[in-house]
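First chain A sits with chain B, and in the next complex the same chain sits with chain C.
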Partner chain A sequence: MSEFCGNPAAETGEALMPTKPKFDRTRTCVKCKTNSGNLVIRHSVYCRDCFTPLITTKFRQALEPHINHVSTGPRRGALKPSGGLLVAFSGGMGSSVLLDLVHRIYCANVGSDELKGGREHPRRSRVWKRIHVCYVKTSDVFPEINDQTAQIREAVARYEGCEFIPVRVQDAFDRSWWERVSGDAASSSAEIPVDLNDGDSEPIAALKAHLRALPTPTATQSTLSTLTRLLLLYTAHSIGASHLVLGTSLTSLSISLISSISQGGGFVVPQAIQEEWISPFVKRTPETTSWSGEVRLIRPLREVSLKECTAWVWWHQLSVVGKQRVPISERTIGSLTKDFIIGLERDYPSTVSTITKTVGKLAPKGKSGMRCVLCELPTQQSVQGWKARTSIHSFADAPSPADVATSLPIYLCYSCQTTLTSKSSRSTTSLNSGSLSTTSAPDAMDLPTWAAARLAFGVGIGEEQSATTSTSTNETRESRQSLIKSLVGEFLLDH
Partner chain B sequence: MKLKIEFGGGLELLFLNQRTHLIVIPSTVPQGDKNGQPGQPVDINFLVHWLKDNLLKERPELFIENGTVRPGILVLVNDTDWELEGEGGYQLKEDDEIVFISTLHGG
Partner chain C sequence: MAPKSCALCQNAKAILRRPKTGQQICKDCFFRVFETEVHNTITEAQLFKPGDRVAIGASGGKDSTVLAYVMKTLNERYQYGLSLFLLSIDEGITGYRDNSLETVKRNQQQYDMPLKILSYDELYGWTMDRVVSTIGKKNNCTFCGVFRRQALDRGAASLCVDHIVTGHNADDIAETVLMNIMRGDIARLGRCTAICTQGEDTIRRSKPFKYAYEKEIVMYAYFKKLDYFSTECIYSPDAYRGHARAFLKDLEAARPSAIIDIIHSGEAFEVKDEVRATQKTQQTCKRCGYMSSNDLCKACSLLEGLERGMSTAAISDKGRRKLEAEGPAPNNLRTIPYFRPPTTVTIEVPAASQ
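Now for the complex of A and B:
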């Protein structure tokens, strides 16, 4: 009888969720059960000796089942990738650990006498014949940050057998880069009708104009991530790599998932964890089962938290070059999400893992209509129709079917549309005003080369897109009719 | 009390760009010091404030938050996670090695 819930209004202080003890049971390592523990990982205690095999096992379990084009299980002996490996390297904590693990497992240990098995055992042959390391440089866009290419090159050179490929973020607007990576000379050499602000065709100027046209710092951050991802994917494709690995840790993945969903990326949640990408310029029939240039984007550190990465760096004495912070506002969705998740990891470490595991179970509703021309991720069908029904801001903004059929938004996913048009005090673009149209407009923005090429030659936006266009046009027409009807309804005579 | 302090993961940039510091601090909280109970043995919370007042050269918000180390900084006490040692309440001993490593260096 005496048990009752307290009155929150009468209680003083903030009601906080009780924190669990930092570690379960004893200070002894949960794995070897003999050594005294050195590190707490999600309430479990590990000693330094058991920490190294723990991380390498997590790494291999996340990567190796996806090495073969058609999965045949996690057995090392059967690992036969279709192409090479490209390691994305920013110089940050995650990618430093990633490169170290790739080298340690697939280069340094090969041929070691410590390995079990005979001379001809598959374990003694290299899984990847060629390993490339790609760094995307952003310092040309932001004079405030230093060019770290030399330090990055030096860091990569410490790992024998890894070839360094530097890429500049402005290469996304560079036709000569596009000619090198697209492998489609016909489309690249033709005149691509991309509007260039003030007539300056320098890639850096085009990129700056593109970023200037974005409405918010969040959009700038998101666009830089998208450009980096596509630059890496096209680079991987151009060197014949079948796998692209990123140093996204469990913590970074949770941050990017929450951040992406908040920016309208819910439809591509599965791709945010792992992605199978193929250049839209590669001709491939649905019956094709063999490898035809696909790049599998994998995050092998997705089970390894940032704290574990840090401990790895410290205990293996890795030198981290350091990823420089891009000088844009810290009040972006990405930065705020990062602050939240990092704080969460300290107080409730298991919750961060729960985010990734829960999001990993989500599947988008509905079919994908096509791939977005900007980010090349699957696009939900009839995004335009849905937006027209739910977000008419003023009568003047109501799209006409003709606008919808000819403007850029129909080729974009919801997330990219949001990135380009999200409202803020700086927002000047309007989704259906024609300012993002591919036809000449006074304030038209530059597009990355892959987007411009696809729009110019209709690559990958054929039948599926036509269906989408027709659906969205019909839906828009219906929504427009119902809007007009509601406006003039009181003047109509009932029959 | 002599201590060896090490910074990593970019934190050293806030501390004269020097990774290792050998410091001497009082073994008990001095009278009039608001970072602890005067006369009590010093702990890591005291050390964090001492570092902020005596060694930190710029942007204290990147090192300290709400009276303790900012989330995202891994602290090792003699090569062991400070969460196993009682975090900020760990009482420092002569010749202890305390490592602060920032995890916020991107992916």
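Now for the complex of A and C:
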């Protein structure tokens, strides 16, 4: 038998398939050109000493030009953020590296004797006076995963000068949370008819009902990610932060870009790299040039690959809590894209970088004055007509303008419409509960507090509309309640 | 369990689950929605005007056979007023194209449309069999694709048509969007979702099946009992495209709307103005008069490489440098006949199709 199978390790070089070298020319570090290399990054070799400045430079280049409200250059002394900094922390590899870098560059180094310049040198002043770290907990919704809040709190406590803010994903359906974060709206919150739960006002039950009404595991995954993003943005706004930073690595970013495109998010995909979010309660006019509460969402690790993050964690001996996987089907667009991109990166290491660079050269086609009530990203016009033309669902005559005016889809972007309505290839009904199934059929679709508030008041549906539509506050609570019911009604049945 | 009634007409028994929407519908309603969606695509983009002469790029495969049938049906039903032609390109692949051309010839009889066949051998002096025997299977799809594009235009010019329609379906377009993002081909990404493309000197070319799922095209051909040739090309397909196709099929299995969602994404973004300003402008090939981004069009460069025994000359920089080092092209080099577009072509393109 051995004569057929042989031992590959003992074979001569000629007998084996030639393998492509992992690095281009030399084993010496391409940066210092003296040390022997320790890590290969896309065919280039780096030593351990040069690796740290390489990553900090990439981090700073991605973040610092965007710190000032109006860009004035990347010089440290000139960095004057308008508000505080919120660091999103999931406990995963990317956010662990992010928090370490933020602390290392903007907290730990400030008093260091190693810094050049006198005591009053701008380099010694803190860029951000206050740094908060926010963790969005999902374990209440999924009993299968453990509550990691204590470990996360401990991990954050290791970094001096960072304040911890835990948020629960069900807070998206919690009126008391909404009153806390919505600023001006807090005073009028008593009038906001967001209670869509038919008596079940528990946020956790409302969130579960919302997820249960979604037709596919893909929809569940993308909804959780939208809720997390909005919870972070509203939290940032509520603490007066002007910047929200996420630990999305180059690899994760290209996965999320392809995943977003595959879910119809082409109009907003150029913003997925960096986003400028304005709370619907901020009153801005076109003439406003100063900061008035906007939050700039930045991904400072967008040039740092997953492999580089791993090397950073290893060489700087970081302890990573670990992000728990949400127990939903593997057959989601997000999971399939992740498997595909990671597999592709193995054979074509430049692919992830090419994807982000290509998307960076794109802009939305056409104008938009509207924001989706669910994800608060810009929407395109005439999405409904496009859908009706390209995928006929009914031979009935076109709906009357009155029907359209009270229809939820007109307030949603293409992706959110798809999330709420697009079925899986197997299900025959539109409502699929996934791992959240209970014996009771969903009888109402609950909306996140911000969506319900926007629908009720028309706040921020169109930036230019916000001032006028808020006059609807004169309507009675009952009539508004029935309006919202009629808006969501079409998603409750199989159609 | 009682049979389910059709989700669209509510009367007949549902016999199929529609791949695009998941609805369970009857056969007649399937034909109706499929044809109506293609009609919507044509009318929304204002692809044709009465009196247009339209060539259908026909390979004998499922997409082009269904396209020919549906174009004939819609032309009669909605009185488009078009003169339809079949245009086939014979790449010279023994055991594949010769058999599929027999199907096209039968389609010519079945649909009563004039047929024009133009061969690579006639136009370029090379069959694909000879190309593959010279260069091997690697990169052969590059030669075939570039040669076919130009051959279609030249065949259409000889038919004096205003318009070429091809059977590219939604799966093809979604796959191309993904591929162009993954390989950073920003120029193609900008135009791959356009329903109608036209260079300054070329004939309008459009894709009425842009929103039609491949599975539905197969289903339509099956239920209509259309005569088509279903063998894949004997020369291996592009490996990178194969990756993208497998991924797309996975996405479709997870959520069938993924294909149309990707096309929607592709239509919703555009290349930034400052990036577009750096792209090459279109010019005319100095050797054959066809549209080109450089002095020589891609087909002329590929043909020169083949004729001079350096097949990689138009594929890699190394090959190009090697060719340049050999000196200028000899005077007796075989070239492609000079391209003259038909004089009847109208250059106006509806705003919606830009």
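In this section, the second predicted complex is superposed on the first by the 401 of 495 C-alpha atoms of A that agree within 3 Å, B and C clash if a C-alpha of one lies under 4 Å from a C-alpha of the other, contacts with A are read in each partner's own complex, and residues count from 1 in each chain.
The working rule: a contact is a pair of C-beta atoms (placed from the backbone, for glycine too) under 8 Å apart; a residue touches a chain by one contact, two chains touch by 3 or more.
Computed from a predicted structure; not experimentally measured.
**Student:** Tell me which partner A:Val269 touches in the superposition: chain B (first), chain C (second), both or neither.
**Tutor:** In the superposition, A:Val269 touches chain C alone.
**Student:** After lining up the shared chain so the two structures overlap, which partner does A:Arg158 touch, if you call chain B first and chain C second: first, second, both or neither?
**Tutor:** In the superposition, A:Arg158 contacts neither chain B nor chain C.
**Student:** For A:Arg212, select first, second, both or neither according to whether it touches chain B, chain C, the two together, or no partner.
**Tutor:** Neither partner.
**Student:** Touch test for A:Gly92: chain B only (first), chain C only (second), both, or neither?
**Tutor:** first
**Student:** Which partner, chain B or chain C, touches the larger number of chain A residues?
**Tutor:** Result: the larger residue contact count on chain A belongs to C.
**Student:** Output check: A:Trp386 vs chain B and chain C. Expected answer is one of first, second, both, neither. What do you get?
**Tutor:** Touch status of A:Trp386: second partner only.
**Student:** Identify the partner contact of A:Leu246: answer first if only chain B is touched, second if only chain C is, both if each is, neither if none is.
**Tutor:** A:Leu246 contacts chain B only, not chain C.
**Student:** Quick one: which bits of chain B touch chain A in the complex? Just the residue numbers, please.
**Tutor:** 8-10, 71-72, 74, 76, 79-81, 83-84, 87, 99, 101-107
**Student:** Write out the stretch or stretches of chain A touching chain B in their complex.
**Tutor:** Residues 22-23, 27, 36-40, 45, 48, 90-95, 246-249, 251-252, 306-307, 309-311, 313-314, 320, 322-323, 342-343, 345-347.
**Student:** Which residues of chain A touch chain C in the complex?
**Tutor:** So the residues of chain A touching chain C come out as 216-218, 257-258, 260-267, 269-270, 331-333, 336-337, 340, 344, 351, 354-355, 357-359, 361-366, 380, 386, 389-395, 414-415, 418, 422-425, 427-428.
**Student:** Where on chain C does chain A make contact in their complex?
**Tutor:** 8-9, 20-24, 29, 32-33, 36-37, 40-41, 44, 177-178, 180-184, 186, 189, 211, 243, 247, 250-258, 260-262, 264-273, 275
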